[in-house]
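Consider the two complexes below, in which chain A is the common component and chain B and chain C are the respective partners.
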Partner chain A sequence: MTVERFEQSASTSPEFVLPQTDERAGTDLAPDVVGVRLARPGLFIAGLVLSAALTTGGTLVELADPTRRRRVDVVAESSTVDTEIDGALLNEVCELFEQGAAEFFHDGMQSNFSRTLLRMLAMRGQAAFRAIAEYLFSGNAKPDVVSEGLRWLADFNDASTLTQRWAILQQTLKDRSPRVRDGAILGFAALDDPRARPLLVGARQLEQIAELRALIDQVVAQLERPR
Partner chain B sequence: MPRFSLADWRAEQCRLTVFPMPDAATRSPDWWEAIVEGQPDETTVNPKRGSGLITGAFGEGRLILKLEPDRIDWVLAPKEPDLNELAAEPEFVTLGPAIETLDGFSALAERWLARNDVPAVGRVAFGAILVHPEADRAAGYQRLPDYLPVQVDPASSDFLYQINLPTVPSATGIEGLRLNRLSKWTVTALKFLALRFTGTSLQAQPVPEKFALRVELDMNTAPGFIGPIPHERLADVYRELVTASREIATNGVVLQ
Partner chain C sequence: MPLFLRTVRQNRWLRDEAAPFLAADDVPADPLGDLLTQQNFLSVWEVAPDRSNIERIVRAVALGRHELANMGYVLFDSALLPEAGIESLENRGDSPDEGANPWHRDLRVSGKKLVALTKAILQGGESGTVLKLRLRQLVEEGVQNSEIPEKYRAKLS
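Here is the complex of A and B:
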């Protein structure tokens, strides 16, 4: 038996057209039927529709993935519910990093890539960092662009995203590509947080490339300076 | 309409979320087995991303441990329902009575929080989704004024009320630690469409709708706190968050 679940909404906002429903407005059967795939004959449930008013989806989402809230739900600023990665934003991130591959980056100088990246971070905050992390660890990213991106995202001065930025840098510090590791080390230099020292010392012990070991030494010295 | 007691709510989900300090990297898929004292059904780990997902049966539900670089979630959710049974006897899929479910989940949560290998935590949250089945949609709407400072015509639809009450200092006395008390209220409808496939055609069989008052609770420590929360106080903070949840589920949103 193959079952698909649907939601509908009374809302006519494009954002809500597909997955939302007004609990009164579930009389439109046709869309449900369209989505059904029949695996075998017999009685089955084609659509399990759980709805609750304007942003109804919570119940349905919990059935599908209880650890995440659907992106179209209203997310309060004080909410701690995990949200889905925004597909459109992820596409933007992919495009940005792919277009970045055509650019030539000068150390410390802004570029179209960095400007667009910073604008995206400013406008979308944590959601942007989630999408970037998703892209970076997809295995499709170009090392030079990732390296450049790491420096700029580390430099993004926002306490609420520190953990996300830190996590990205920490994971990329172990990347196969020396270019990416270089960007992660410089990213930690930009963060300038002494708590990163043990991480960098650990990374130095594993680092095979002398230039990167030297770079780590410089950053560790920077983090050790009196504040 | 008088308010019903906390015991009459049914729990649809419970969640413990911690946000580790940036330099606290410990994430262990073994936590699930250690806490539950049984084997999980499924473990997926992505070392490159530093993430993992461990799931398995726990009591009447399934327990999910989700590891991410920036957060750790323990979620207790209902098992996947048997849709044929559900069609025969429609009802909201829950974990069971709220009090028992919350107590069972809290025992587990506190056991984990007491472990020495829990990373330093900057922020902690307790979440729960509770439902109270209602006779019909109008009955759900008639309940709203008992729990929320609103007057709603029962013939209305698409109701949503979400508020984070003014933050309050934590009663644990941890300096600078404040609590968010976020709740989201709706009247939920459970709708089914059963289809009979007869060779070349589909026949829709309507199944009666079910309605419920539903609240999503998200009690959490406010992000401005310069952590970490002392490890030995984590369970105290967690209990305070659970207590705040119970208060809101019992008394509704009380504006000062």
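Here is the complex of A and C:
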């Protein structure tokens, strides 16, 4: 347990670079989401690309951009990239997250949002995660709801969607909103997979908010515990 | 003076986040949502001088929630209270952990005093989170040590 004092952080934020080698090492968990580097994860394109990766099992690859704005492209295993999202499901997700914005979330308490989200995930599985990814990176999502959603979806006990959950958390770990990053950090705590350690260590190096650095330290300590 | 603890969602207490939008003497509004009162009393817990009971307090509160989850909290020095005109009452808690209940306090607050307390916590307090996995360990230990009733083992399923 770490307690963090409320203090202004003096740290600066160099460009985020994921430790790709470590992340891949010995993992068959998230091979299709390695190498994502986005300076502006809220960009709509990120959602499209992430959705595509989640759909096809493709690999996200950063393309250099002289303007320092980031672009990403998908190298899919197949020649066709199926980015199709169930429109009705996407509408449901939008509605769910927009209604969730009216709720006030408390730790350990269910909400209409969490109950509906879990029901949707249970019923629609991977399709629901694709729609959620699409919505999360559309730029329309409210940080509090996203943070709450990350906590619940990370904890969703279904091995078949682990790669999707990992991809969403990895992306939101770099979100501009501290509340979203908080949800992503706690999401990785819920996954409790030691292979997330390099991601978190990398995120810590860039994190400007002292409380979130302390939270990452806690999660890393959890991941490093003897098993 | 002892520290007081209040469970909150920690990400609402990130002072840096709200700073750009606030006047110098203002406080962000979101943290106030974590300070729900009943009958104008705010429920808090007194922390031991060596802070050894923080996790037990958080566990006691967590047992009253729907399910075990990451639990955030803030700590603040009770010396802040007289300055804000806030009275502290030693009202025993009613958590499932009888050993923790004597540490419970009620703070008599008004709207203005609540804002003053929020400001004081943000300026001089601390925040933290007990992770869900740790909380599960604490509940297991608590049942084994008979600090909490056996029925709370169901929270682990």
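Going forward, the second predicted complex is superposed on the first by the 144 of 227 C-alpha atoms of A that agree within 3 Å, B and C clash if a C-alpha of one lies under 4 Å from a C-alpha of the other, contacts with A are read in each partner's own complex, and residues count from 1 in each chain.
Definition applied: a contact is a pair of C-beta atoms (placed from the backbone, for glycine too) under 8 Å apart; a residue touches a chain by one contact, two chains touch by 3 or more.
This one's a predicted model, so the numbers in the text were calculated from it and none came from an experiment.
Of the two partner chains placed by superposition, only chain C is touched by A:Q208; chain B is not. In the superposition on chain A, A:W166 makes contact with chain B only, while chain C stays out of contact range.
Set side by side, chain B and chain C differ in how many residues of chain A they touch, and the one touching more is B. Look at A:Q110: by the touch rule set out above, it reaches chain C but stays clear of chain B.
When the two complexes are overlaid on their common chain A, residue A:D193 makes contact with chain B while staying clear of chain C.
Contacts of A:C94 after superposition: neither chain B nor chain C is touched.
Once chain A of one complex is fitted onto chain A of the other, the partner contacts of A:I85 are absent, as it touches neither chain B nor chain C. In the superposed pair of complexes, A:V219 makes contact with chain C only, with no contact to chain B.
Overlap of the chain B and chain C contact sets on chain A: residues 1, 3. Of all residues in chain B, only 12-13, 15, 17, 19-23, 25, 46, 48-50, 53, 64, 66, 68-71, 73, 75, 77-78, 80-81, 83-84, 86-87, 92-93, 122-123, 125, 127, 129, 137, 157-160, 162, 164, 180, 182, 184, 186-199, 202, 204-205, 209, 211, 214, 216, 218, 220, 222-223 touch chain A in the complex they form.
Across the interface of their complex, chain A is touched by residues 7-17, 33-34, 51, 54-55, 62, 65-72, 75, 121-134 of chain C. Residues 1, 3, 10-11, 21-26, 29, 32-33, 36, 38, 41-56, 58-59, 62-63, 66-67, 74, 76-82, 133, 137, 160, 162-164, 166-168, 170-171, 193, 195-196, 198-199 of chain A are the ones touching chain B in the complex.
Across the interface of their complex, chain C is touched by residues 1-6, 8-9, 104-110, 147, 151, 178-179, 182-183, 186, 189-190, 192, 208-209, 211-212, 214-215, 218-219, 222 of chain A.
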